[in-house]
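Next come two complexes built around subunit A: one with subunit B, the other with subunit C.
Moving on to the complex of A and B:
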C-alpha cells in the first residue's frame, strides 16, 4: 500500500508540477506589462534560486540550503527595487550592492576542503573551487572583456549607454580571468571573496544600468516572450534526450569501451570484421541451394507468362496477379536463399527488413481490399488490428505458445507443431494419404474449371491465377504420395514412424522466419488500417469509369486503385522499414539473439549494457542510425512537398 | 468516401446455370479468405487466453484446444499466483510500475507538444519553418543512439568540461535516477515529442484562421487563445496521441530495461513477464496468465478508444 501511495504521489507531483511551471510562466508574462515590479521581483528571486542551485549542484558552496534561501530572498528584493526605481543612480547602487552581497556570500562560503568519494580503487577526490588568481592574467582578461563590450556597443548602433555593455562584458572577462584560466584547488579565502564579489557586483551593476521599460516595450516583451514559453519545454526535452545524446554517442563510438582513450575507427572495423555480425564467406553456397535455383525458375516462369499474356494484348508485359505472383514468389525464394546462406547480425537485420516489410505490406493491403467488400468489415478489421495493442514482449510470449516443441514421445501442445505432426501421421497412413491426395485433386480440378472459365471469358488474370495456384497443390500431391509430408521421422533400427516436431526458435537459419512471423502478425494491422483508409479515399468516379470501360475487378484494382494509393504504399513501407530496422524486443524475448537470430539492436544492447563496451555499442547504434538516415531524408522530402 | 463495388449487372446477367453458381462462389471467396485470415490472426491470442486458466498439469499434458472437448483442469490459481509477491516481486507490483511510467509519460509530452505545436502553427517568428522541419526530422533517430548517454546522465549526472579552460561543470546533478521509473518516463517524454509535435501540428495548423484572428482582435493573448480555443478544439487529436503514447510507453521494453536494469522493484510489467519467460521450468505455467494480465490494460484502452487510435495512426502517416 505504501508503494501505491508513493507512486501515486510521484505521478501527481510530476504532472501537476509541470503544469504549474508552464501556467506560471504564462501568467508571469501576463502580469509583466501591468505590474512590472512584480515581474522583476519574481525574475530576481528565480535568478537567485537558480544561480545558487547550480552552485549547489557543483558543490561550490558549503551549507547550500540556507544560502540558496537567502539568495532567493535577496534576489526578490533587488528585483522589486529595480522594477520600481526610475532614478538611474539609485538603480545602479541597488543593483551593484545586491550583486556584490550575493557574490560576497559565495566568496565567504566557497568550499575549501577536498571532498573524497568512494573506496579503494574507485576513490576519487573533488578539489575546492577556489581559484589561484594571477593578477596580470585577470587584468588582461578584464581588459579583453571591456574591449569586446565597447566593440559590441559600437556595432549595435550606440543607441543605448555604453556603460551597460562595458559592465556586462567586463564582468564576463573578469569571470574568465578569475575562475576560468587559473588553477583551482587552493585555499586562499581572499581570492574567493575577490573573484566572486566583483563578479556579482559587475552583473548587478549591468542589471541596474537597465531602465524600466516604457509601455511599448512592455507590450513587446509580453508578446515576444510567448514563443519562448511555448517552445522551450519541447526544445529542451528534445535537445536533452535526442540531439545531445546522439552527438555524444557519435563521439563515444570513436573512444574505447570505457570512453577514455580515442581509438579512431577501431570500433567500426571490429564490428565489420566480426564473423558473428557479418559473414559472407559462404557466398558461393547461394548458387548451390535448391531454393535459389527454384526461385530463379519461378521468376523465369512468371516473366514468360507475363510476356506471353502481354504480347496477346499488345503490351510488352502483363502486370497482373497471375503473372506477378510467380515473380514475387521467386524473388522471395531467391532472397531467402541469399539471406539464409550469408550469416550474421547485419544480414539478419536486412532479412527482417525485407521480409517483414514486404509481407506485412502485402497482407495489410490484401486484408484492406477484402474487408472493403465484406459486410462485417469493422469486426474483421478490429481483430486483425488487435495485436497492435499488445506489447512486442507479450506477442513474443503469445507466439512461444504457438511454437512449443515437445519431445517426440509426448503430445504436442503447440498449435503449429501439433498440426505438423498430424500432417506427418496423415501422410504415413494409407487412407490418410489417399484422402488427402483426393481432396487436393478435387481442388485442382476446381481450379482447372476456373482457369477454363476465365480463359473462355477473356479474364486472363483468373486463368493464369488458377494455373499458378494449382502448381503448389500438385506439388503437395507429389509430397503426400511420394516422400511424405509433415513432422515424422523413420527410426532406422525398427523402421517405425516417430513424430518429429520442428524446433521453431532454434533450427537455423529459418528460425529467423518464425520470429519475423510475430512482427508480421503485429504490423499487418497497422498497414491494413492505413490502406483501408486510402482505398476508401479513392474517388468512386474513377472506379465506376473503369467499370464502364469494361475493366474487370482485378484490372480496376491493379490499374486504378494501386496507382491511386501509391503514395500511401510509400508511407507504409518507409514506416515499416524504420520499425523493423530497430526490432529488439521480439528477438530478445524469444531467443535472446542465440541460434543465429541476432539483430543489430540486440547486439547493441548486449555490447553496451551486458559487456559494458560503450565504444562498440555506440558504433552499432551509429550504424543503425546511418541505415535509417536515407529513409529519414526521404520522409522529410515528402513532408516538405506535402507542406507546400 | 465509401465506394460501392457492385458487379456490373449486364455481365452477371449473361451467365447461366453452373457459370452463375461459380460466379457467386467466386464473389463470396474474398469474404471466406478474409474470415480465414481473421481466424488465423486470433488463434495465438485465443490460445494464450485459454491456457492462462489451465492448471500446470493440463498445460503440459495437452494443447489448449483440447479444452473445447474436455473443459477440465480450469482454475484461477495461475492468476492469483502470478499476482502474488513471491513470484519475483509479483505482476501486481509491476503493473503499478507500468502505470507510473505510462501516465506521466503520456500526459507531460501531450502538454509540452501541444504548446510547441501551437507555437509552430500560429506564433510567427523567424526560422519557424526550419525549426519545425528539424524537430520532425528527429522522428527517425533510432532511440538506440540516445540510450548510452542518457543512462550515463541518469546514473552519474551530466558534466561538461569547458574546452580550452579545462574546468568541468555539472549541469545535471547525480540524482540517482538510474533504476527508477522516473528515468524511464523522462526518457519517454523526450522520445515521444517529435511525433507528438508533428501530429498535433498537423491538426492545430489546420484549424480555421478566422477564429484566431477574431480572438486576437478581442485582445486575447496567445496563452488565452491556446487555453480557451486550441485545447478544446483539439481534443480528438490530443486523445489520438494520448492513446498512441500510452500504448507505446506501457508496452515499451527496451528503454525500461536499459534505464531500470536489475532493480526488480521498479520493473514494469513487460520486463517482469520477459523475465518470467526467461526462467524455464518451475513457473512456466504462470507465463500465460502473466502475459494475459499485461495485455488487459492496453486491450481495454484499445477497444474502447479504437476510433481515436486509428485516427492517430492515419494522421501520423497518410496526411504527412
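Moving on to the complex of A and C:
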C-alpha cells in the first residue's frame, strides 16, 4: 500500500511538474514578443538559477542556496537591462559586468576539497574542479576560439558585427583552455577566479553585443520556439531509449562475449557460418520434394487458366478468385517446400515473414470484404478483433494447450489432438466412416449443384470455386473409406488400435507453421480493422459506376476496390513484416527455439543471456535491426507521401 | 467544447508521460516471471520451535532491523520455494528485517539478464559451479567474510565447498546437496509383478525388456524444463553413465574439455553413452511421456504417472520428492528409490548436484543472511519446513538434503540419512559435470540433447555441435 501511495504521489508530482514546465515554456514565449524585457529578465534569472543549481548538483561549487539566489537576482537584473537598453556601449558594459560578477561568484565558491563517497569496495572520489592552468595552452585555445569566431563571421556573410562572434568563440576557446585541458584537482583559488571570471565576462559581453530584436524577429522567435517545446521531451526519450542503446549494441557487436576485447567482424562471421542459424547445404533436396513439384504444377495450372480466361475476354490474363487461388496455393506449396528443406534460424524467420504476412493480410482482407455491409458486421468484426487484446505470451500459452499431445494410452486434452483422434475413431468404425462419407457426399452434391448453377449463369468464379472446394472433400471421402484418417492406427505387433496424436510443437519441420498460426490468429484482427476502414472509404460512385457498366461483384472487387485500397495494403504488409521479423514471445513460450523453430530474436536472447555471449547476441540484434530498417524507411516515406 | 477536449488530451498526454517517467524511476527490482507463494501454515506451526534457536544469537540493538534482502534462485515448486522462504523468514523475523525469495524455472537465463543489466539480486542461488566461477572472475560476486569462509570450510565436505571456491577465495556456500544416481519406483508394485531391483546396468536393461514384454511401461522420462534449460535431465543421464561406463578419470577429462587436455563430446566414449540412453528410452512402448514426447514433457510431470503405476521407474535426483503430492507415502508401501545400478559391483559411482548461494551485494545484512545459510540452524529449519510442506508425516521424504556436517540428522528419515551417507562416503563422487562446463558448452549441451532426444539429429551431429562451443 505504501508503494501504491508513493507511486501515486510520484505520478501526481511528475504530472504537475511537467505540466508547469510545459505550460510555463509556452507562456514564456507568449510573453516574448509583447514584453521583450520581461522575457529577457526571466531568461536571465532562469539561466542564473539553473547554471548555479547544476554546478552545485555536480559538486562544482560549495555553498548552494544563497549564491544561487544571488545569481538568480543578478541574472534577472542583467536580463532586464539587456532587454531594454538600446545603447551599444551601455549594453556591453552591463553584459560584461554582470557576467564577470557571476563568474567571480563561481570562482570564489569552487570546491577545493576532494570528496569521498561510500565505503569499502564501493568507495569513489570526486576531485575538485579547480583547474591547473597552463598559460601557453590557454592562450592557444583562446586564439583558436577567436579564429573560429572570425571564420564563422566571414562565412555568415559579415552581416552582424564581428565583435560578438569573436567574444562568443573566444570565450569558448578560453573555457576549453582553462577547464577542458589541464588536469583538475589543484586548490589554486587564483586559477578558479581567473578561469571563471573571464568565462563569465566573455559570455556576458557576447550577450551585451546583441541587439533588442525588431518586431519581425520577435514574431519569428515566438513561432519558431514552439516546435522545440513540443519536440524536446520526445527527442530526449527517443535518444535515451533508442538511439543510445542502438549505438551501444552496434559497439558491443564488435567486442567479444563479455564485451571486453575487440574482435572485428568475428561475431558476424560466426553468425553466418553457424549451421543452426543458416544452413542451405541440402538445397538440392528442394527439387525432389513432392510439395515443390506439386506447387509448380498448381501454379502452371492457374497461369494456363488465367491465360485462357483472359484471351476470351481480350486481356492477357484474368485475375479472379478462380485463377488466383491455384496460383497462390502453388506459391505457398513451393515456398513451404523451400523453407522446409533449408533450415536454420534465418530461414525460419523468412518463413515466418512470408507466411504470416501473406496469410494474415489475405484473411483480414477477406473478412473485411465479406463482413462489409452484412447484417452482423460489428459482431463478427469484434470477435475476430478480440485476439488483438491478448499478449503474445498469453496467446502462446493458450495455443500450447490447444496443441498439447498426451501419450497414446491417455485421453487427449488438447483440442486439436482430441479432434484428430476422434476423426481416427470415426474412420476406424464401420458405421462411423459410412456416416461420415455420406455426409461428405451430400456436401459434394450441394457443391456440384452450385457449380452447375454457376456454369449455367456464366458465373465462372462460382463454378470454379465450387469445384475447388469439392476436391478436398472428395479427398476426405477417399481417406475415410480407403487408408483411414485421423490419429488412430492399428499397432501391428499387438493388433490393438491405438491413438496417434500429432506432436504439433515438436514434429519438424511443420511445427513452425503451427507456431505461425498463433501470430496469424492475433494479427488477422488488426489487418481486418484497417482494411475494413479502407474499404468503407472507397467512393460509392466508383462502385456504382462499375455496376452500371455491367461488372460483377467479383470484377468490381478485383478491379475497383483492390486498386483503391492498394496504399493501405502496402502499409499493412510493411507493418506486419516488421512485427513478424522480431517475433520472439510466441517461440520462446511454446518451444524455446527447440525442434528447429528458432527465430532471430530468440537466437539473440539465447546467445546473449543463456550462453552469455553479448558479442554474438548484439551481432544478431544488429542483423535484425538492419533487416527491418529499409522496411521502416519505406513505410515512413509512404506515410509522408500519403500525408501530402 | 473544443478547448476542453484539448485540455483533456494535454492532461492524458502528461499523465502517460509521467507514468512512464515514474515507471523508469522506480527502483523496485524487476520481478521474475514466476513468483512463489509461501505456505503460511508451515511458518506458523514451526516458528516457535526454531526462532528460539535463532534469537539467542541476536543482540539487543539489532543493526539489521528494517533492512531488506532479495534472494533469487531456481527452486520454484511450492514445496521447495515455500520451505526456503519460510526458513529465511525465521531469520528475518528474529532480526526484524525482510528477506524475499523469488524462484524462477528459467533462473539460469534470468540471472544472466539481471547481472548483465547491472541489477542482480542481493543473493543468487547458483546451481552451476561453472557459472559461479564465471561470475567470480568477472568481479560480480562478493567474497565471503573470513569468519563465514572458516565456518563453511569446517562444516561441509571439501568436495562440495571447493566448488564454491574460485582461485582460493570462497564465494559460494553449499547449502543443498542432491544425490542424482537414484531411480524412483514403487516397491509394492515391483513385488506384485515379480520384478527385482536391478543391481547392474545389464540387469537394468533386461528388466526394461521384461517389463515391455509383460505389457508394462518401464520408464517415465521428460526433459522439458520450460525454457532455456530444457534438456538438462538428459545431461544428468549422460553424466551418470559416463561415470559408470568409463570411470572418474575419463569423466574428469570430459568435463575439462578438448582444449584443456581433456576429451571432447565427439570422443567415441561420449557418443556411446548418448546412443545407450536413446536405445533405452526409444524402445517401443518402453517410455511413458506425459507431454506426448520426451522432449516436450516437463520433468516434474513424471511424478503422477510413477505414482499411479502408469510407468514403473524414473531416474531423478532426491529432490524429486518435492514433486510428489503432499499425501504421498514414502518407503516400501509407497514410492521409494533404488541406487542407479553400476556396470560392475566393484565401482559404485555417485553423481551429485547442489546449489551455492552467492552474494552479489556487499551490504552487512546480505552477508548476515549468507552467514545464516552457512549454519546448521538454517539446514535444520529448512528440513523441518520442507518436510512439513511435503506432507509432514514421520516417513515423509522432503526432497531437501543438507551437506552440513552438524545438521541434526534425526530430522531426516532413515532413507534420506542413507542418501547423506552415500554422499559422504562415496568412493567415486562427482559433481554434475555439465554444470561445471563453461556456460556456452552447457547451453549447447541442453539444446543439442533436446534435438537428439527428439530424433532430429544423430549422436555424431549432436556431439559435434556441442564441441564447437568449447572456449
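Here, the second predicted complex is superposed on the first by the 413 of 644 C-alpha atoms of A that agree within 3 Å, B and C clash if a C-alpha of one lies under 4 Å from a C-alpha of the other, contacts with A are read in each partner's own complex, and residues count from 1 in each chain.
Just so it is clear, contacts are C-beta pairs under 8 Å (C-beta built on N, C-alpha and C of every residue); 3 or more make two chains touch, one makes a residue touch a chain.
Here the structure is a predicted model, which is why all the values come from computation and not from measurement.
**Q** Between subunit B and subunit C, whom does A:69 touch in the aligned arrangement: first, second, both, or neither?
**A** Neither: A:69 stays clear of subunit B and subunit C.
**Q** For A:419, using the defined touch cut-off, is the partner it touches subunit B, subunit C, both, or neither? Pick first, second, both or neither.
**A** In the superposed model, A:419 contacts neither subunit B nor subunit C.
**Q** Kindly classify A:614 by the partners it touches after superposition: subunit B alone (first), subunit C alone (second), both, or neither?
**A** Both partners.
**Q** Which partner, subunit B or subunit C, touches the larger number of subunit A residues?
**A** B
**Q** Just checking: does A:4 make contact with subunit B only, subunit C only, both, or neither of them? Give me first, second, both or neither.
**A** A:4: touches subunit B, not subunit C.
**Q** Answer with first, second, both or neither: which of subunit B and subunit C does A:18 touch in the superposed model?
**A** Touch status of A:18: both partners.
**Q** Go through the superposed model and pick first if A:383 touches only subunit B, second if only subunit C, both, or neither.
**A** First partner only.
**Q** Scan A:226 for contacts with subunit B and subunit C and give back first, second, both or neither.
**A** A:226: touches subunit B, not subunit C.
**Q** Which subunit A residues are contacted by subunit C in one complex and by subunit B in the other?
**A** 3, 7, 10-11, 14-15, 18-19, 22, 233, 237, 588, 592, 605, 608-609, 614
**Q** In their shared complex, at which residues does subunit C touch subunit A?
**A** Within the complex, subunit C touches subunit A at residues 10-11, 14-15, 17-22, 25-26, 28, 108-109, 112-113, 116, 134, 138, 142, 226-228, 230-231, 284, 288-293, 295-296, 310, 362, 439-440, 443-444, 447, 450-451, 454, 456, 465, 469.
**Q** Can you tell me which positions in subunit A touch subunit C when the two form their complex?
**A** Residue list for subunit A touching subunit C: 3, 7, 10-11, 14-15, 18-19, 22, 120-122, 233, 237, 257-258, 275-276, 404-407, 409, 493, 501, 503, 505-506, 508, 588, 592-596, 605-606, 608-614.
**Q** Within the complex, which stretch of subunit B touches subunit A?
**A** 1-5, 7-8, 19, 22, 26, 30-31, 33-35, 37-38, 41-45, 47-48, 51, 59-65, 93, 96-97, 99-100, 103-104, 107-109, 111-113, 115-116, 118-120, 123, 125, 131, 133, 135-151, 153, 157, 162, 165, 167, 169-173, 181-182, 185-187, 189-191, 193-194, 197, 221-223, 226, 247, 250-254, 257-258, 261, 270-271, 273-274, 277-278, 287-288, 291, 294-295, 298-299, 301-303, 306, 310, 313-314, 317-320
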